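This structure is in structure tokens; I'll ask about it shortly.
Residue numbering begins at 1 within each chain, and the chains themselves are lettered A, B, C and D in the order written.
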Amino acid sequence: MNLLINFKSLVVLDPLGLFFLAVIFLVSLPALIYSLGYFKGKFTRTKLLATQLITLAFVASMLLLVIVGNALVFLIIWELMTLLSYLLVLTDDENEAAISAASTYIVMTHCGTAFLTAALFLIYRQAGSFDLPAMAAACQTMSPLLRNWLFVFFLVGFGTKAGIVPLHIWLPSAHPQAPSHISSLMSGVMIKTALYGLIRFVFMVLGISSLWWGMTVLFLAVISCLVGVIYALMESDLKKLLAYCSVENMGVILMGIGLSMIFTCLGLASLAALALIAGLYHLINHAIFKGLLFFCAGSVQKGTGTLDMEKLGGLIKKMPWTAAFFLVGAMGISALPPLNGFVSEWLTLQAFFSGVLKVPGLLALGLVLGAVALALTSGLAAACFVKAFGITFLALPRGQGAEQAKEAPASMLFAMFLLAAGVVGLGLLAVPVFNLLAGVAQPICGTSLQVADLFSLSLQPNSRFAIAPLFILLVLGGGLLSAAAAYYVFGRGKFRLGRTWDCGYYKIDSRNEYTATAFSKPFRISFSFFLLPFRKTERRKDSFYHVSSFVHETHTTKIFKKYLYDKALDSLYRGTKVFKRIQAGSIHLYIAYVLVTLVVLLLLVRIF
Amino acid sequence: MALMDSLIHLLLLVAFAPLANGIITKVKNNLRLRQGPGILQPYRNLIKLFGKEEIIPESSSWIFRITPFIVFATSVTMVLLLGSGFGRVGDLLVVIFVLALGRFFQALAALDAGSSFGGMGASREMFVSSFVEPAACLIIFALYLSPGVAWSVSHFLAGLALLLVLLAETSRLPVDNQETHLELTMIHEAMLLDYSGPSLALIEWSVYIKQFFWLCLLAGIICPLACPTLIGLWPFVAGLLVLLFVIAFIEVGIAKYRLFKVPDFIIFGVILALLAVVSALLGV
Amino acid sequence: MNWLCLFAILLITAETALVSRFPALLRNFRYQSFCLALLVFLAAYREGGVSLYIIAFLLFSLKVLLIPYLFDVLIKRIGSSDHLGLFLNAQVSLFLVFVLGLVAWFFSGLVVAPPAYLEQLTLGVACFVMLTGVFLMVSRIKALAQVIGLLMTENGVFLAATIIPGGMPFFVEITLFFDILISVMIFGLFIYRINAIFTHIDVSKLSGLRG
Amino acid sequence: MVKRLGILNAVAHFILWLLALYFFVKVGAGNLKLSFCGFFYADALSAFLIFTTATISFAAALFSISFITTDLVLRKISERKALFYYLLFNLFAAAMFFVPLINNLGCLWVAIELTTLISSFLVGFYNTRHSVEAAWKYLIICSVGITLALFGVILFTFALSSATGIKSLNWTELLAAAKMLDPTIIRVAFIFILVGFGTKAGLAPMHTWLPDAHSQAVSPVSAMLSGVLLKCSLYAILRYGVVVADCCGASFYTNLMLVFGLLSLTIACVFIITQRDLKRLLAYSSIEHLGLIAVGVGLNSPLALFGALLHLFNHAVSKALMFFCAGRVAQAYGTHDLGKISGVSRALPVTGLVMLAGVFALIGFPPCSIFISEFYLVSSAFLCGNYWVGALLLGLLAVIGGALLYHFGKVLFGKPTIVGNPPQQEFSPAESGGNWLAYGFLLFFILGLGIFIPAILQQSLNAAVSILRGE
């Protein structure tokens, strides 16, 4: 009765695993560098040591997770990863918010893991072994019904960790609570391991057998995109904003994966590969720029002591490097050419459009709508990051902390620089990266899409769909030159500093600036059907007649939390309260239980 | 050769872009039974602005400085992408992303100045554009789906949708109003409030170019044989002129929408584009 | 003779459902134990083993004399009113006891085959006594009543033990008796404590621990 | 004085533990069946239980040292009472050591009854309103149960003697004659046994005394109660179950176990979700784990039984650890009201850390030992093909785990709130050597068995499993 582990097949290093290894390394090494500066003078030595050790263990667990070839060991490491990240979320262990966030996080993932366990045991019953190949073999002989169940279990289990809407509510509360580099590890890498699991177990073990799987994933992806980005727009806490934005980007990645599932099911191997590549490309992109952005948020927090945008502003002068890196990250995540987000979103759009041409009737329409959703998402994301960067870093400081901001230490800046370089590099070197990813997708989808052309990423040799980020950069550069030429040839190029135009108002200071809340107001109003905004206005009177000041608050309703989770928990709680009456302390009642049990069993003895 | 060809396009477009605006303004004024400035007025404006000294807000940063150049660069890039010679650079879909780049910096610069109007403009601009993007994306896809087929239903629908997008993108009525300077209603102009001198000139110019790009695209749809090489193709130019008149008529004809009605307006365009795609898939 | 004793036990037990005062309950318990002892004595007479005689004697001395005496002392010490406090009034209790009797009969039918009527009756009565004992514990408020109920339950067990030809092994019986003695003492001790701390022995008011 | 006595006690229990270890290795691994003058009997199963008992009682003895002295310092008990405690402690332990070694079912019954009688004093030890109430309930309810069990014993004897004429109460002879017994009598008798000993083992719905007793007892004793005492009466049920399974087919016995196990799990789950008291929380989790073991027995496949036995030990160890920590916390905060306790990890760093480990051990996170045994149980549920049982187990375990994490998250972290009646300057948050040893000792088992299962344990458990399967 050993643990049924076959040590020969304990470790598998296939392209998928290697890819995820690369992703994890790409983010976690800078994170470790970053932590050196970030923790300086923050904790006591023991706590610092503990945190660092847990962080290392956390990274190690993620690394192990993507290379094990045994489902049981996978499960064990999965649990360990959850546990360690839970501890990391609790780094600030006296903060109520952190505690409740951590509890929500671990409770939800714990319940998610139950689904995974169920799925694995169901397969194990057929396979008699936890080795992935054996399990894969066993899955081929299963009944369609059972496979559907398994898919649902995997989707729920991994979806909880991946933060797919509506299983996302732990994510925006838990990620911001951890130290920034941990947040970047969690947002950038950890939730990706869930996608790894999804690909590994649904594509490679379970095998895609029905069309509705892909459709479900695609649908959830679309929902996640929109919900995530809309909530992100509403946030005025920098790290919360980034966390919600992670939900959105997970949606974008899942679009690729869902499309790939659909295409696989329809037997369109090359399209499936394309979609999967798009997904993976966005995956690594998101890992990098989300890591970068969380780093920047961390240095903002360290420099100013707050993350509330309404109190920030003008940091571009106090912390120029952080600002620059944040700008790069923001451009990347808003899919601006020629950076990396642009490439992956373009690829995803390609996957959609080329799919439309191949798939039958209504499904095609569905894909078009998906493409629309993607475009809308990227538009909103751009708005979101204009807000994030503009309000935080530009114009005048809105608060004490922002006025006395200090630039982050060198180690943090270096870490940021590494990731920023990654953002640019992954954008410009689209073709090599694409080819690498094609290598990853090949064993999964069966065909390899290699792009021959060195610069231009065109899918068919002479198709009209093509991009060459490097050339785009050149052209943009040319444009800049010509602009400069125009500027200095036609214009005399002399300028002086003056006050911002104030429409005759005698002085303009930071209180005249547009706030984050104000910036997102049009969105709040036009999406009010979903956000259900509400305001509180309170008059502060100093006498009966004179109102000294108004307090005016605007909030949005988190409908998933309010109408799904809170309701469910509430009813559960009330139910148990009622049930508790059976044990109200009366010893007579207790003896009666014994008596009744005995009598009932005596009468039912023939049944058992 | 193709490279040369499209460079020539570029120059032509960049040169002619202000003219289009001039014509529209002229037509509008005449429709309103006014004299109005000559069609060369935009050129005069540009020259005047280039000549002026520039004032830069103290609160602003380098973002504010480089934005005009980036905006100009993005417009130029768009035009280049229209040309065939730069096919390997990127397809028309890229145009959307490039547009987004310009808009991104424009909005940042608006926030950078630190006045509330800049923020207002930035917020509204991003608001409108985030709805325009899907429409534009679909239109381009529809165009790809039915290349070359003249006067097909999908072309018609796509053209109609593109007209709406054009109005929104070039900040014209009913979405925005180029002529007003009433701060509370303006969108695009509000972002430029703190620009002056050459920088303003660059931005104005790139706006003209962008507008001309959309016009050309639309004209190309109206007379597809012409698109996209337009040298010596009178039908194309004719189409362009017709367009200018149409736009002028529209602008004179309708009033500005409330900001929160604008999405409805654009979503109408999205739906048209969707129908265009569907009809293209059905082959009509 | 056996039959007589059995019916006597049956009647006494049923009657306990009606009593509402402590002395009466104690009296019933005495009579019940007496009949039980008599039964064992008869069995000893029939089979002629020393051990059975000793057991009968122990039963008599413990359950008829010692334990009731101890309880009398206890009541005197505590000096609480001798009302048992009924959760259910006499009629309902009687009815429920009747139901329990049916259950017991059904049960004895399960265990013993028809020809052995005496065994069946014994077992039935034993089960009935047990269930009634537990029922007393459920339906009577005072702590003392609960202890008596428990002891009645044990009586039922002993009654059942008599049907085993030759009874249980001797040392087991002895240990059982010691066990009972100890437990009764401990019960008494705790009743003291309860009385000392709560100033009453109304265990239905002991409901501080819930949920 | 008291302290010295405590140390002496601990040393004695350590020696006892060594002996138990030796006994376990000899009997368990060797799969011997020792029998002494027909009265004592020992095989792998009893050896395993002995070892568990020894382990827990040693840890409890270690922990008692500082716990009792602290109670003295806080003036919760007098010196005389402290000495009395050690007397009762050892009597209690002795009774529990006695249980698995007896062959004669009558005396087995007596031994179990004795454990009740003795521990009732330890439950009512502090002589407060609550503790006396708890003790009374414990005493009465368990006595009722145990009396019913006695009736069951007598029925077994009756069946034996009427079938074979053997006038004996020995388990071995009962097992030998199992085939000849009358199934109906055995079924009925087993119902009495199950309800009777089940009451003591804390199977729902007869569990009602358990949370009261566990929450009011002296903490080391709480550990012994839920760690060993429950298992002792479960052991009795198992012994009878073997006979029943042999006599009238396994299904009757296993179905009953399954039903009671699942019922216990469910009720425990309900009460854990809305729990206000730290030690009651742990008590309910004991009910949950007992239910798990019962389910494992009910599944009745070798894997399941192996898992159940392993779980028996793992739960004992983890739960003892948790009760120790709870005891420390209760002393420090002067309450075990969950609403009033927070920030333990700051107030008592070591205890907090251990408690954190204990929570994850209790929920069955790897690499803790309970993960392994729960894995066996759940997987065997799936392998036996009763998916619904498996699914139910997973669901309930997930919910219970979530609830525990939620509660302990609040307890362990946050701002330390040291409120409470004992004057805090008299309580020293520093851990004494005894506590360190106790924690280390238990954690060693928790983590060690989580990482690998030594061959000896494997063999002896297999032997025990084969005994339980009547092979």
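One rule holds in what follows: a residue touches a chain if its C-beta (ideal position, glycine included) is under 8 Å from a C-beta of that chain, and two chains touch if they have at least 3 such contacts.
Computed from a predicted structure; not experimentally measured.
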Most widely separated chain from chain C, with each centre as the mean of CA atoms: B
Between chain D and chain B, distance of the C-alpha-averaged centres to the nearest whole Å: 78
Distance between chain centroids, defined by C-alpha means - chain C, chain D (Å): 31
CA centroid of chain A to CA centroid of chain D, Å: 44
Centroid spacing, where centroids are CA-atom means, of chain A and chain C in whole angstrom: 70
Multi-chain contact sites of chain A, meaning residues that touch two or more partners: 580, 583, 587, 589, 591, 594, 598, 602, 605
Multi-chain contact residues (two or more partners), chain C: 107, 110, 134, 137, 146, 203, 206-209, 211
Of all residues in chain B, the ones touching two or more other chains: none
Each pair of chains that touches, named by its two labels: A-B, A-C, A-D, C-D
Parts of chain A lying in touch with chain B, wherever the complex brings them together: 314, 316-317, 327, 331, 334-337, 342, 345-346, 349, 353, 356-357, 364-365, 368-369, 371-373, 375-376, 378-380, 382-383, 385-387, 389-391, 394-396, 453, 455-456, 458, 464-468, 471-472, 475-480, 482-484, 486-487, 490-503, 508, 510, 512-514, 518-523, 525-526
Complex interface listing, chain D residues touching chain A: 136-137, 140-141, 144-145, 148, 187-188, 191-192, 194-195, 199, 205-206, 208-209, 211, 251-252, 255-256, 270-271, 273-274, 302-303, 306, 343, 345-346, 360, 363, 365-367, 371-372, 375-376, 378-379, 382-383, 385, 387, 390-391, 394-395, 397-399, 401-402, 405-406, 409-410, 413-415, 458, 462
Complex contact set, residues of chain B against chain A: 46-47, 50-51, 53-63, 68-70, 72-77, 80, 86-91, 93-94, 96-98, 100-101, 103-104, 107-108, 111-120, 122-124, 126-127, 129-134, 137-138, 141, 144-145, 147, 183, 193-194, 197-199, 201-202, 205, 259-260, 263, 270, 274, 277-278, 281
Chain D contact footprint on chain A (complex, rising order): 1, 3, 72, 76, 79-80, 83, 90, 93-94, 96, 98-99, 102-103, 106-107, 110-111, 113-114, 117-118, 121-122, 124-125, 572-573, 576-577, 579-580, 582-583, 587, 589-591, 593-594, 597-598, 601-602, 605, 608
Of all residues in chain D, those that touch chain C in their complex: 104, 106-107, 110, 113-114, 117, 120, 124, 127-130, 132-137, 139-140, 143-144, 147-148, 150-151, 154-155, 157-158, 161-162, 167-169, 184-185, 188, 211-212, 215-216, 271, 274-277, 280
